[in-house]
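Each of the next two complexes has chain A plus one more chain, namely chain B in the first and chain C in the second.
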Partner chain A sequence: MLPDLQTAFCAGTVGRDTAAVAALADGGMENGHRFGIYRNNIFQSLTGVLAAAFPTVSKLVGDENFAVLAHRFIAAHPPQRPSLYAYGGNFAAFLAGFAPAVEELPFLPDLAQVEWAVNEAYFEADAEPLVADHLAGLAPETYARLRLHLHPTVRLIGSDWPVWDLWGAEALPDPWPPGEQEGAQRVLVRRPESKVDVVMLTPGDFAFLGALAAGDALGEAAAAGAAAGPDFDLATCLAGHLAGGTFHSGYTIDAS
Partner chain B sequence: MKSVNALTVAAAVAGALSLAAVTSATPAMAAKTKCYGIAKAGQNDCGNAAGTHSCAGQSKVSYSGDDWKGVASAAACTEMGGQTKPFKGMNPKKKSS
Partner chain C sequence: MAAEDGMAFDHGNGLAGRNKRDPVPAAAGIGLRHTHYGEFLNGRPATAWLEVHSENYLCPGGPRLATLEAIRQHYPLSCHGVGLSLGSAEGLDPGHLEQLRSLFDRFEPGLVSEHVSWSTTGGDYLNDLLPLPYTEEALDILVRNIGQAQDAFGRRILIENPSSYVTFAQSTIPEWEFCAEAARRSGCGLLLDVNNIHVSAHNHGYDALEFLNAIPGDLVGEIHIAGHADTEWDGRPVLIDDHGSTVKEAVWDLLEIALSRFGPKPVLMEWDLDLPPLETLLGEAGRAQALLDRLAPERPALDNVA
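And now, the complex of A and B:
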């Protein structure tokens, strides 16, 4: 009995199945009305959660459009976990499949990916970033066999659109759309300490870090970086990301 | 080119470490001081002194003495009306909004 009631209750809220509402016990007041209040509260609060996780998407489409997007998303993807901070992970994929949104603003799914990466980095467990001091005691002979791992809060997002410019924007850049040359941007999200960084990467650095994330050793990753960007320089890249906290303190040394 | 050779990699790591020694100030580590009593509900940084929640954004009470935000220095913390040690109850210098 209780599982049936719970299933009907769920169908009546996010599924908007009004027939299911009739199956509820009559409490003297009109059930449809009572249920409507409950349902609206669910949609209101979840829309608020999404607006907090995707502030720039919300700003660029406008509050009213965002509420429409959010309501469709909530109906299609109700929360699967009882933690609101974890809600919205497939919003970017939902936007990519929602033709009316991407026809007008084709960058929306990528921008949503950046905002979700920020959200994830924020709530990811703390971990110690690798700093130059950690490596200072190593014998120079072992440098070539050094294997670096990305900090667990790191997310890499490559886009055909200027997502780094768009992230945090109050309005679309002028002129819009951008020319093909300046269009594509690559973004690194990380939280080495308490603050989330959103950094624009060169094509070389992006390919290098992507190769490290895939498990490549430094030599292979450096080749990937050089292939993607002619101005890629391993020493400069390493120094910058050691200072920024992109790597995890748990480095390893390959067997010789 | 399949891979950059070991000598080049070793030289680059050595170069990166010497660069890092020159610019040892790490900008990403700026917000180091835990400042208690200044975070609004849901805007605290990770963990709290009472152990009632473990991560960022979980505080339900504004300006709670148990919850901290990362700020640049102890001076900045005091200036914002906070304390660098956890304390009981709500921050008396802050009105809840």
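And now, the complex of A and C:
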């Protein structure tokens, strides 16, 4: 019956279950020596999808190692829908749980997060960014009650590793590993128009934007920014992110 | 050259674009791939129509959709699905059907097609066009799923004969009858892939002409051509349908026979692996157009809009 055949085919390809392939052959599959062509097509095509979404991870571990990682990931987490632009969202979490990879290259999961954020930003719904002109008419006393919303393409990633330096790298930075102090980096990913930006953030700006993302009003978020970075300057930060398209056009103002 | 359909269009007004849902002409077209976006955004490459893989455009937003929107203004479009899994025993994914419906509503393709194969089981999507046993059970499932898809889309679709590497002893219906019967029962049309016919005929030891002879020409709404690899698997020769090279002579021969038998049809040059420069694709499409011009000079517009 067809449901059993399809279940066995899945087990024999993605699951690499040789008993399932033997059962298919016993059930009448002809030219079963070619069954591996299907397994090969599935793993190769999905490895290609992952390599396109995680080009830097792939570059830094090398093609052969990446294929090993991808094959393990595909077997454990086959796609759950045919829209493959969305395949790979849990690759970073998979890498974090894969000891051989993180022991040697502990930054890999965070780097994969940055690459996935770039992928998500690229395909996310389009939206109008907030520009300074939108706020020009606001009375200064309303600023503290302003709620800015991040543009839907924005992703924030904080890492103990220099992920901004690593993103797009052809090789590990020299010297490697970096000293503890200069190692940590925070990254903002956004796509206000057609191009995806990957921006390094100061600790203050990162905390400020994180607070906005969590729903804080401007006053509270500014306090969070100042607490995280002594050099945090609200006016500079706002001007830069308004120019860069970090916010969504739909801001709100709390009742006083 | 057929391509003048695309060239003759007046882009001067910038906005009006083509009539929406304009039919795909019985002429040679090519698959639109990301690598060639730039050439289509900066110029009007000479091809009569374009085909895209529907699943590549199911994202919520971003440059990919915007690019297709821009290019669509200048070419008739066909949406070719690779992920619907019409042969799945568990039925179709309603969410996926809904997303496809939105895509078709937005881009109004002249043709919509899918495959006589399956990809999804137990919720896992296997990203390949997997073979069905050709049984009454599988035919019923396929016909039911095609009906559900056509209802969801509000339009007729075409189904493509697959290439395959294994077969099943429980099959009771020849592949050509299975495909034609599915089309008859569901009211859909056929996308005849002559490369797939050649690959499967070679791999399974049947005569490609027997396949072509059994196909009712009035059901054929489109023809695909592509390259395949003549290689070995497990130490034995096999043809693999990899869409990674120019069309082999045996496949050109089948196209010639199909066109002389079925009359003018839209013919698509497919290429997916190791994509060559656009000129190579256009060259292959040009050869197909020369065949169309010689064998089937009149070119009435075909459309599968219900």
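Keep this in mind: the second predicted complex is superposed on the first by the 242 of 256 C-alpha atoms of A that agree within 3 Å, B and C clash if a C-alpha of one lies under 4 Å from a C-alpha of the other, contacts with A are read in each partner's own complex, and residues count from 1 in each chain.
By our rule, a contact is a pair of C-beta atoms (placed from the backbone, for glycine too) under 8 Å apart; a residue touches a chain by one contact, two chains touch by 3 or more.
Bear in mind the structure is a predicted one, so any value in this text is a computation, not a measurement.
In the superposition on chain A, contact of A:A239 is made with chain B only, not with chain C. Touch criterion met: A:Y85 reaches chain B and chain C at once. In the superposed model, A:S194 makes contact with both chain B and chain C.
Applying the stated contact rule after C-alpha superposition, one finds that A:I37 touches chain C and leaves chain B untouched. In the superposition on chain A, A:F123 makes contact with both chain B and chain C.
When both complexes are overlaid on chain A, the residue A:G137 reaches neither chain B nor chain C. In the superposition on chain A, contact of A:L146 is made with chain B only, not with chain C.
In the superposed pair of complexes, A:P230 makes contact with neither chain B nor chain C.
Using the contact criterion defined above for the overlaid structures, shared-chain residue A:P3 touches chain C, although it does not reach chain B.
Looking at chain A, you'll find residues 85, 122-123, 125-126, 194 touch chain B in one structure and chain C in the other.
Against chain A, in their complex, chain B makes its touches with residues 1-17, 19-21, 23-24, 26-32, 45-46, 55-58, 69-70. Contact residues of chain A toward chain B in the complex are 85, 122-123, 125-126, 129, 131-132, 135-136, 140-141, 143-146, 190, 192-195, 197, 217-220, 222-223, 226-227, 233-239, 242-245. Residues of chain C touching chain A in their complex: 55-56, 58-64, 66, 82-85, 87-90, 93, 95-96, 99, 118-128, 130, 132-133, 135, 137-138, 141, 165-170, 203-204, 233-234, 236, 238, 240.
By the touch criterion stated above, chain A contacts chain C in their complex at residues 1-3, 5-7, 9-10, 13-14, 27-38, 41-42, 45-46, 49, 78-86, 122-127, 191, 194.
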